[in-house]
Every structure is written in structure tokens, then in C-alpha cells.
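Take a look at the structure set out below.
Going in written order, the chains are labelled A, B, C and D, and every chain counts its residues from 1.
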Amino acid sequence: MSGSTFGNLFKITTWGESHGTGVGVVIDGCPAGLPLCEEDIQNYLNRRKPGQSKFSTPRKEDDTVVIQSGIFKGKTTGTPISMAVYNKNQRSQDYSEIASYYRPGHADYTFDQKYGFRDYRGGGRSSARETIGRVAGGAVAAKLLDMLGIHFLTYVKSIGPIAIHPSRFDASEIDKHPLRMPDATAALEAQNYLDNCMKSQNSSGGIVECIIKGVPAGIGEPVFRKLDSELAKAVFSIGAVKGFEIGDGFEAARATGLENNDSFYYDKEGKICKKTNHAGGILGGISDGSDIILRAAFKPTPSISAAQETISRDGKNITVQVKGRHDPVIVPRAVVVVEAMAALTLADLMLENIGTRTDTVLDYYKKQS
Amino acid sequence: MSGSTFGNLFKITTWGESHGTGVGVVIDGCPAGLPLCEEDIQNYLNRRKPGQSKFSTPRKEDDTVVIQSGIFKGKTTGTPISMAVYNKNQRSQDYSEIASYYRPGHADYTFDQKYGFRDYRGGGRSSARETIGRVAGGAVAAKLLDMLGIHFLTYVKSIGPIAIHPSRFDASEIDKHPLRMPDATAALEAQNYLDNCMKSQNSSGGIVECIIKGVPAGIGEPVFRKLDSELAKAVFSIGAVKGFEIGDGFEAARATGLENNDSFYYDKEGKICKKTNHAGGILGGISDGSDIILRAAFKPTPSISAAQETISRDGKNITVQVKGRHDPVIVPRAVVVVEAMAALTLADLMLENIGTRTDTVLDYYKKQS
Amino acid sequence: MSGSTFGNLFKITTWGESHGTGVGVVIDGCPAGLPLCEEDIQNYLNRRKPGQSKFSTPRKEDDTVVIQSGIFKGKTTGTPISMAVYNKNQRSQDYSEIASYYRPGHADYTFDQKYGFRDYRGGGRSSARETIGRVAGGAVAAKLLDMLGIHFLTYVKSIGPIAIHPSRFDASEIDKHPLRMPDATAALEAQNYLDNCMKSQNSSGGIVECIIKGVPAGIGEPVFRKLDSELAKAVFSIGAVKGFEIGDGFEAARATGLENNDSFYYDKEGKICKKTNHAGGILGGISDGSDIILRAAFKPTPSISAAQETISRDGKNITVQVKGRHDPVIVPRAVVVVEAMAALTLADLMLENIGTRTDTVLDYYKKQS
Amino acid sequence: MSGSTFGNLFKITTWGESHGTGVGVVIDGCPAGLPLCEEDIQNYLNRRKPGQSKFSTPRKEDDTVVIQSGIFKGKTTGTPISMAVYNKNQRSQDYSEIASYYRPGHADYTFDQKYGFRDYRGGGRSSARETIGRVAGGAVAAKLLDMLGIHFLTYVKSIGPIAIHPSRFDASEIDKHPLRMPDATAALEAQNYLDNCMKSQNSSGGIVECIIKGVPAGIGEPVFRKLDSELAKAVFSIGAVKGFEIGDGFEAARATGLENNDSFYYDKEGKICKKTNHAGGILGGISDGSDIILRAAFKPTPSISAAQETISRDGKNITVQVKGRHDPVIVPRAVVVVEAMAALTLADLMLENIGTRTDTVLDYYKKQS
């Protein structure tokens, strides 16, 4: 297997399994001189921490990050930043039973098919704990982007059939409720919906939306490394994502050109603006200076306590009830994971963009000498 | 700029602009010994050829491919396969006007922001003619996959508000009608819809669906090179794509775990099967042996003749009518592009998968010696 | 097979065989706005042209380059630059015999072992004609570097036992004699030596030296992408190279620390200088502002007319005399190939270096907005 | 900065500085099912451990490796293998002085030029401790290669002017003497030579030679990923390497074609053999089934106690004596680092080679299904 590395110039490599020693990430390519401390990372990680409400797994995961390299006197040195979160609260016995069968909706079967065997404890490498490395890496990317004036607004757009309503949109609500919806009314409805799901030992899907503000025009490489193409890859690499959109997304397929095209205009200061943003801030794979808007559809948590039909590894059709401590819905904790992947993608493409023009390259080296 | 290369082991690099000498592709990493001739490529290219009906641009593009390297005695040698389609029917004068302004919905503005200037003839590098290289590359990948028993069924699922209906699904209809819908009734309705679009100098979006049959379980690398993640990147790198789904896609976000989980069972021959395929053939980023199902949402053709507001490069708010020969809808010609990108992705990950297990590696080298 | 792509941000992909349609290269990642025309490339290619003296093959190769994309109004657009040299003077019959046996010192045997068969015409992909793509790509890199004040001095240091003498070093001699030695006396001696080689149907090895002037301090990435490491890879990828050195090279292994360490000092203007340059301009994998000095050892041309023992493909021990038009020595024509590979390496690492510091990244984006 | 990742399919990423928390490596792409335990790694690491004799630094470094992921029930799972060696014996005070000046022969100056500042404690990222990650990674690659019948014979060929003599070559001597020379007489002479170096507060360079036995023909990708090209990069990325050779190396530049070409012949069993191995086992960048022979020239340890002229960061020409605990010669401890880099390179290219032929790919997938 390979594929545990993401990015070109701002690159992360994650490692670790749910019930091993821990999980971690190595960032290679973060520019030198960025102020960085463990608290920057921890604040990000706390946003994905379970155990904050009844809607996330009651497992206590301290998820305390340690930085092991790449920082000197409070700044990044330009060398690899190794970070780890060591596991403290494993209860491997919870998972011993699942060694013998394939859980529906999980990667148990496909890992066995690919590798011949698997670390079945808590999903092993396919566990959601793998995202800890992504979030730690994304925290560093986000810090760099913050200095560039780029900010993220990421939240839950819908849970099952319950969606936020544009007229009630209030960003300040996001951190007030564990479901992270920017609409207090929708959050309450979603809470009721989830209560019913839990009563029936069931789970729910949902949609995360991410708006990136302050991205300058010109980011993204045409053809295969388009900004939207790389964001699609980044977000789709999060387990449980089944759909991805930029701007109007699938709605654009039902629209006409007159409806969908965003008209340019010069405002009173002569700044180039767009009257609408159906494109979600990307034209021809390159940012146009508007807000970048993306959405990811997450399937329902596959781990449910209700009885399900499946197969054992030794050839039998069986019925199982998956035990363990699981989230009835993924999206509230996935918000920060989507944001982290978007930040990593953007930081990488923004570094790549710097060498795009001959005059810029000449300027840079004249200034240095 | 970079980003004109796609894939790792089965790798393509495309080049060329709409109104330059031509467009082409270099494939590096195609296994040696694959029977291949220009006709294999031409058949694929002909599926994206314009001028086949009133619903595609009346430009005549012969799009005759030449293979320039990598074939000896009718077989691939394992060395790079260079292919080109030289331009014959450019009418640069059609486009000279657009040098002075930014067309809504196009990459004119973002290219200028990124590079400082642009080849404005016919969209230059951001023209849909760039996809010729992808389709030529995809034809080779598809030939290899065909020998592995893997086949594609790709078609138009919807145009504007008109979608095919599952009860009328008939794959044999796809090639009978220029709109490439597997539903004769929907095709007629879509034809009427497009006629109206054209009368109002407007255009329409649409959805392409691709089903891949015969993919063995185990393909795709967990974490960042998941099969779905790489397919998302591949398909989203096609200009005009705004949404992407695997299996139930955004519907999964509205579903519950009990609805969405696919139960495994052993059939009478002891083969592992799934009762449903909400997952679209991928679990944990790895193929599960079921059909791979993916969908791409395309925005309406941004080039429309209706009057639109936009800006000139020299600082004025203006109204334009984009002249030229354009498709009122992209999806019928995009069908083969989606298929090509999916084939390239799959061929690449299938080569990468071969070295996944120690016993396989040992077997291979024992056999060789 | 893969591996026909070199570089990360300034990237080339070469294609083509000795006796196919032609050979070519696609450059992806050249910054936009670089003035470039075919003459820039042709001047470089002419330096590797055969037929210029009795010491190179009497084959006439026009090697006329055509640029097929990536240039608009005399400048690079930032999109891929595709260039090709189409073959005109193939005499495939010369090579038909070698299909049946394995030439000593050539890649015939290893290609067959790897791929199962080979394009045996003129060495196919392993022919020295493959370097045309590298030289065309290197010409563009060198043009960019020239604008940055970086220049190359590349020459033949020795042919067989005949080496240039430091006391007679005269750079103006390099282009005066077909052997490209910066020492007229050594060039005459080498000429006599080669005459004798040719009389005995034999060939000679030699050494190419390259000095790169004007490289700023700070280029190269520590650890695996050190400047010397990437130069080693680049130069060793040229067929027939068997040794590579930076600075004192193998002599450093015989020296002591006191002899080998280069002392720093401030000159009268306060500029940082080194008293010696045993290091060849690279410390810890990063340029130190001194001249970069590298050397490559080339083995003798393996194609010789003298009788040699070898094997046929059908199982016999045989004696062969390799016919065809061959160079008795490789290094004079390899001078520009070494320079091209060094230029490509440096351009790539210089683009990568721009995003190394946070303050630089901030400056760049502040300036843009 | 980037460049801390090496390899494509068998990939390592190293992290850590001399005096930080520790150093480590993440391996991504090791095939699943390889038996592996910490002892396998520790045995390799012990070969680079200092403090074994008076010829290496008296620093005690326990260098105890911990495996943190990727192993389950004693076998690799195919997921990333994270390994770390935590620092225990730092004496940062030893190095505080060097913060103020640039040591000759070290990367102090170039790191400052590149990044604006540096972690000056013990060389930071440019310390030889960085090679611990490489050796840990190489141990895993070597274990895989061992199962494929591939073995390494690596030793010190020369120290300063003292070289082993072919007539006295005895591989069993390598591990008997701390200088790791396969020639007891030369080892004694080198010991005397080093004693004198140390008396004069000086150091010595040396050459490491590595012979790889059992590599099948066909490994290496033509053009830019030639086996010799990748080995050159791998070995040249080790700090202090200034020269690299394959087979006859620089001697080949002085030879004639008749001398240098290796004749093929069929032996009595019909096996293809070569009468000589001037090529060092590689033809056209691809292994030919003979022993792979490579050599690396290491410069003398730049850290010496003798007085040296250099500069302070604040603008003065000064004289310094570098304190600390240093090796008077690098090569004995570098033996295992060269071997590790060669093993990593070979494992990577051998995995890549598996998908080279269409028939092999077909066979693999037929067998799986």
C-alpha cells in the first residue's frame, strides 16, 4: 500500500491505527518562520474530539498532540514537523468479535481482499482516528493561510432530511450547539431527528459546507491540478464521503447558461467583482477572487447497533449487532476534517503558484541577492 | 504552471491549445506487449467529435490521431506512447474580439490573473480541445482494462430538468441518439428542451453517469489515494464539472445507516455478494467487487449567444454576445471524456495494487527467475 | 515502464525512439512570460549534432526542432511546451541484424529481459537520440537561468588517458575544436589518441566537467532533494555515465578535514566568500554561492567495429562486428546533454526554493493583491 | 522546504533533528505480510551506533527504535510503518557557541541563507542523526529483499590514502574490526593513519563500496529512473558524499570499448553470463543479473578540533576550534547508511517493475479472481 502522503510542496504523511500506539503526521514543506506551538494544533483537534455530547461516541479521547520536530524558538524551521497523538483509551476487547466477520458499510472486507489480513481492532487504519493526522496537519496550513488573510467558515448544512435555512443562517450559532449548524432552529430539529435514530439503533448521514474567504484570484493549476479537482480529491479522501460539489454543484446541471454564468463588473473603486457566485469561486480550475464554496455529502455512520445481515469470514451468512461506542452521525465532528483538507489543498497550491510567472521569479532572486 | 500530468504508474501528460499546432498526449507506463493501433484510439476520439448533430458545434474537426512512438510490430514496447491530433480547421478570427474582454463563466479572467496574459484564441489551453489528449490516453487504458474483463457503460443521465427513468433504461439506445441517453423517451424530451434553449440563445447543463463492470475487489489505496478520491480528482479535472458522486452520493446524506449499509451474503456458489449497492462499489476507498457507479454534474456551456453583462480588460462594464460555434450542451460529448478519465484512474491504481502483498511479490520474482 | 518524466515544478517528459517517427519533449511548469523561439532551442540542439567531424558519426541528422504549443506572441504562456524533432535519415536496414543478438555494452539484453521484446532499430528508446528531448528541454531551462544571471561553462576534461592541464585552461578553445576541450594542446593529443582508436576499430571513454556560475546561496532541499543529489540523478540518467563527482569528488576521500574544509571570510565589501572551493559550491545539499562544479565519467562508446564475443537470442555463443555509423567517443556531443540536465535540475529547485520562507510567501501575496 | 520523502511505491519520509525530541521515519508502501519486529530494525541501527571504538564519537547513543504503527500479529499490514528513536543523551550546551558563527564544511551558512535561521543544536536537521530514519527504513527494505534472495556486501574500501587490496579481500573481516574493512592488513594501516589524524586534531575521508548480489535482470526504468540514476540520487543524498560510481566508474572514462565491454556467453547449463563485470551489473539503466557494484566517496568529517578560519554571523573574520564529540572518519558508520539507501532504492524499483508487462498484469488478476 501507499497513498498515505498528500500534497506536493506542502505535504503531509499520516500514520497510525485506531488501537495501536497512536496516530500521527509528518508535515514536509511548511515554510520556515511560521510561529507555531502545540496549542495551535490542539485547538483544531479539540473540534473533532468525541465525547462532547450524546451525539458523539462516549469514548473519552484526550487526543493530546505532541510536536516532535521542526520547531525552534517557537517558529517552524522549514524542516519536517512530526506530530503524534498517542492512544490512551483503547478497549481492544470491544472489537475482538469483529475479527471473524465483515461489517456492512465498513472496509473490513475490502482490506482483507487487498492485503490478505487486517488489523481489525477498531477498524485499524480505516478508523476515523486516522483523521487526527489530517487535522493536525490542517491546523498548520490554516495558520499559514490565516496570515495570508484567508479564513474558513465550515459547518453542518444538513443532517438526514433536516437542512439549515438560508433565511436563518447565523454563523455565531455554529459553535454553540454540538451539531455545529449555523441555524438554531434546524439544530433543534436535527437533534430530535437524531434522538429518534438512536432510539431505533440507527444512524444518519449529513452534509458539510465550507466557505473559504479571502483567496486571491489565480490559485490552482489548469488541467489536472485544478483547484476544484484537488479539493475534490482532498475531501473525497475522507472516509464516508460520497458526494462533492463546488458552487451550485448538481444544481448547475439543471440550470441554463444564462442562469449559471456569473456576470463580471467593475465596482465604484474599479475592483473586479461578480454579480453572483454560482461558480463557487473557481473558473477553469483557478480561483477568481470570490468565496470558494464547497460541500461534502457524508453517508450515515455504518456502525449501528441494529441487527444486520452479513457474512462471517468462515463462509456463513449471519446476523450481527455491531457493539462499541459510535457516533450516530459523522458530520459534526467531520466539519474540522473537511476544513483541514481544504486548508492543506489551498496551502499547497498557493506555494506552487508563486513560481508561475517569469517576472515574479526574477523579482524574487533579485531581492535575495 | 504545472499539473498537466495525471497518474503515477500509468501516467499521461497532455499538451496543446485550441488554435495552436495541435493537441497531444504522452503516455508513460503502459505495460509492454499490449496490442495497439491508431484505430483503437480513433474509435474513442470519434465519440467526442463535434458536428454529429445540431446539438454540437458545427465546427468540423477531423481529429485524426497519429501515434508517434512506443509501438513496435503492433504492440506497446513499454516506452512512452506519444500521440497527437494536429489542428486543421482553426478560424482564429472568430475569437479575436474576445481578447479584449472576459467572458462570463470562462477561464479568461483567471488565466490573465494567474499568468499575466493568455492565448485567447478559442480559449487556448482551457478549451475543451484539451480533452482530446485525455481521451486518446483513456483509449489505451480502456484497451488494457478490456483485456482484464473490465467494461464501461457511460451515458447521459440528465439534460437540464430532463432525466432518464430507471424503468425505461435501455443501454442499446445510448449510441442511437446523439444525446447518448439510455432512454429513448427522455432523449426526445431533452431534444425538445434543447431546441428551446437554442432558440433563446441559451444552453443547458447535464449529468453523466458511468458504471464500471468487472473491477475486482481490492483496488484503491486507503487514505489519500482511495479509489473514489482519485476518481473524484480525475473527473473534477474535466472543465465544467461542478459535482461528483459515488453510489448514492448526496442521497446517502439523507439516508439512515440501516437504509444505506449494503448487506453481504454468500450466494449458492459461495461467492461473496452484496444485496444492494448504495456504496457504488467502493468501501473504505477500496473496490468491493460490485459495479463502480459514479456521476458527474456539468454546468451549462458558458458560451452563449444571448447578451450578457461583463467587463473589458481596459476597465469598462460592457454587454457582449459571444460569437463562435458552440455546443448548446456539453454532456453528450463529455461522456467519453468521463469514461477516459475513469479508465486512466483505474489502470493506474490496478498497476499500483499488484505489489501490495509480500507473497505476490515473491511469487512474481520466483516465476521470473 | 515509467520514468520518462524528470523534475517537479519545472518538469519534462521525453518520448521517442531512434528509428520511429521522431523524438520529443513536453515541458510542464515553465513560468509564463519567458521570451522563447525555436532558434533558442535549435542553437542548443546544434551542439549535440553529429556529422561535425570525423570523431562523430557521419550520419546526417538535421534535428530541426518544432515548437507545437505553449508559446503565444513570442512568450511562454505557462502551459505545456511540446517540442519535437522528426526523424528524416533513418536507415533501419543497418540495424536489422542486431535483432538476433545482444550487443556487449548495450541495453539490448536488459530491455528484452524487462519487456519481453524490444524495438531493436538503432537501439530504440535506449538510443542516444533520446537525449534530444532533454537538450530541447534544457535549452528552455538555460534561457530562464540566463535571465537570473546563471551561466554554464561545460567542456571535455579528458578523453581516455588525455586530460586538459589547468595551466593551459582556455575557455575560448572549447568551441574551436570538435573535441570541445578548453586546452588546445590536449585537444591535439586527444585527436591523435582517437585516430589510433579508430584504426583499431575501438572507442574511448572520457570525462565532462560543468561549472555553473552565478547560482545564489540557498538552492537545494536538505535530505533527499539535495542539490548534489538531484544533479547526481540528473547526470547519471544520461546513458553511458558511470561516475559523478561534485567539487573534489573522489579526491576528497583521500584528503583530511583541514585540507578539505573551505574557510569562510568577509571580503572588503563585507561579502561572504570562501578561500577555496573543494566543496564544489554545495554544503549540506544547499548551494553556498560559489561556483557549482560537477564532473561525469562516460564509458567508451559500446558500438565498435572490432570483433567481439557475445550471444544470439536463439542460444548460441557467437562473434559479432557491430556495423553502423557510430561515434568513437561520446563526450564531445555529451557536453550539451550534461549542461541540459544540470540546467533542468537547477531551474526546478530554484522554483521550489521560492516558497521556502513565510515572509517571502506573505510578501508575494501582499504584492499581488 | 520539502524533499524529506524518498521513493515512489516503497516510500520513506524522515523527520527529526539532532537535539530535538528524536528522529524517525514513516514507511509507506511496504507490502503486507512481511514478518517484522523491532529487533530487525535494531540490528541494522546498531551498525551505525557511535561509541563502539575510539574512531567514532564517544557520545553514547542508545538509539532504541520503537515501531508505532503498521504491524499486526508480527507482520506488516500494508499501512504506514512509523518508527522513532527518541533522543536521550543530548548535551545542547556543547553546541550553544556555534549559534554565533558558521563552521567550515558544514551546512550552517547554507541553512541560514535558505531559511533565515536554523536550529543550530548539533547541526539540527543536517546532523548525521538524520540518517537513523534512513537506516530504520532500509532495514525493512533489506528484509523484503532478503526474502527475494538479494543480499548486500558493504564495507569500507579506503580511508584517506589507505585502500584494501584485492588480493587480501576477506569479507569475514568486515565485522571484526571497527573500521569495517574486508582486509585486516589495510585495517591496521588505516588505524595508524587515523591515530595520526586524531593527534593533529584532523579527520579523514574514505570510500564505501557496496556489492548487491542476487538482483534479477530487468530492474530499473529506462530514461530518468534508471537503476544507476536512482542509486546515485539515493547515495548522494547522504551528507558528506562527494562522488559516486557504478562498476568501473571513473576508470571507464580512461578505458577503450574493447576493454570496457562485457562479453555475454551461455554457460554449460545455458544460463546467460558475462565474462567480466565492468558495467557493475547495469546496462542502459536496467540490471543485467550480475552483481551490482557501487562506490561512494565521503569527504573528511568537517568537525575538527584544529584551529580554522571562518566568519561570525555578526560580520567578523574569526578563528574557531569546533568542540564536541565527533568521529575522525565517517565511513565506518556510513557503511550501513549506504546499504540502507541502496536497499530502499532497489525495493522501490522492484515493486515498480512488477507491472511492466501486459501478460504479467493479466496473470496477476486472473489468479486473484
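In this text, contacts are C-beta pairs under 8 Å (C-beta built on N, C-alpha and C of every residue); 3 or more make two chains touch, one makes a residue touch a chain.
Just so we're clear, the structure is a prediction, and the values are computed from it rather than from any experiment.
S.K.: Name, by label, each chain that touches both members of the pair chain C and chain D.
M.R.: A, B
S.K.: Sort out for me whether A-D or B-D is joined by the greater number of C-beta contact pairs.
M.R.: Pair with the higher count of C-beta contacts: A-D.
S.K.: Could you tell me the distance, in whole angstrom, between the mean C-alpha positions of chain A and chain B?
M.R.: 26
S.K.: CA centre of chain A versus CA centre of chain D: separation in Å?
M.R.: 38
S.K.: Using the average of all C-alpha atoms in each chain as its centre, how far is it in Å between chain B and chain D?
M.R.: That pair's centroid distance is 44 Å.
S.K.: Mark out which residues of chain D touch at least two other chains, giving numbers and ranges.
M.R.: Chain D, residues with two or more chain partners: 1-5, 8-9, 14, 32-33, 78-79, 114-116, 125, 218, 222, 352, 356-357, 359.
S.K.: Would you pull the chain C residues touching chain A in the complex into a rising list?
M.R.: On the chain C side, the touching residues are 8-9, 29, 31-34, 76, 78-79, 144, 147-149, 216, 218, 222, 350-352, 354-362, 364-365, 368-369.
S.K.: Can you list the chain C residues touching chain B in their complex?
M.R.: Touch list, chain C to chain B: 1-5, 8-9, 11, 13-17, 20-24, 26, 28-29, 32-33, 66-70, 72-73, 75, 77-82, 84, 114-119, 124-125.
S.K.: If we count contacts the way the header does, which residues on chain A are in touch with chain B in the complex?
M.R.: Checking each residue of chain A against chain B gives 1-6, 14, 102, 104-107, 109-111, 113-116, 125-126, 130, 158, 160-161, 197, 200, 202-207, 217-226, 228-237, 239, 241-250, 252-266, 270, 272, 275, 278-280, 283-289, 297-304, 306, 308-311, 315-317, 352-353, 356-357, 359.
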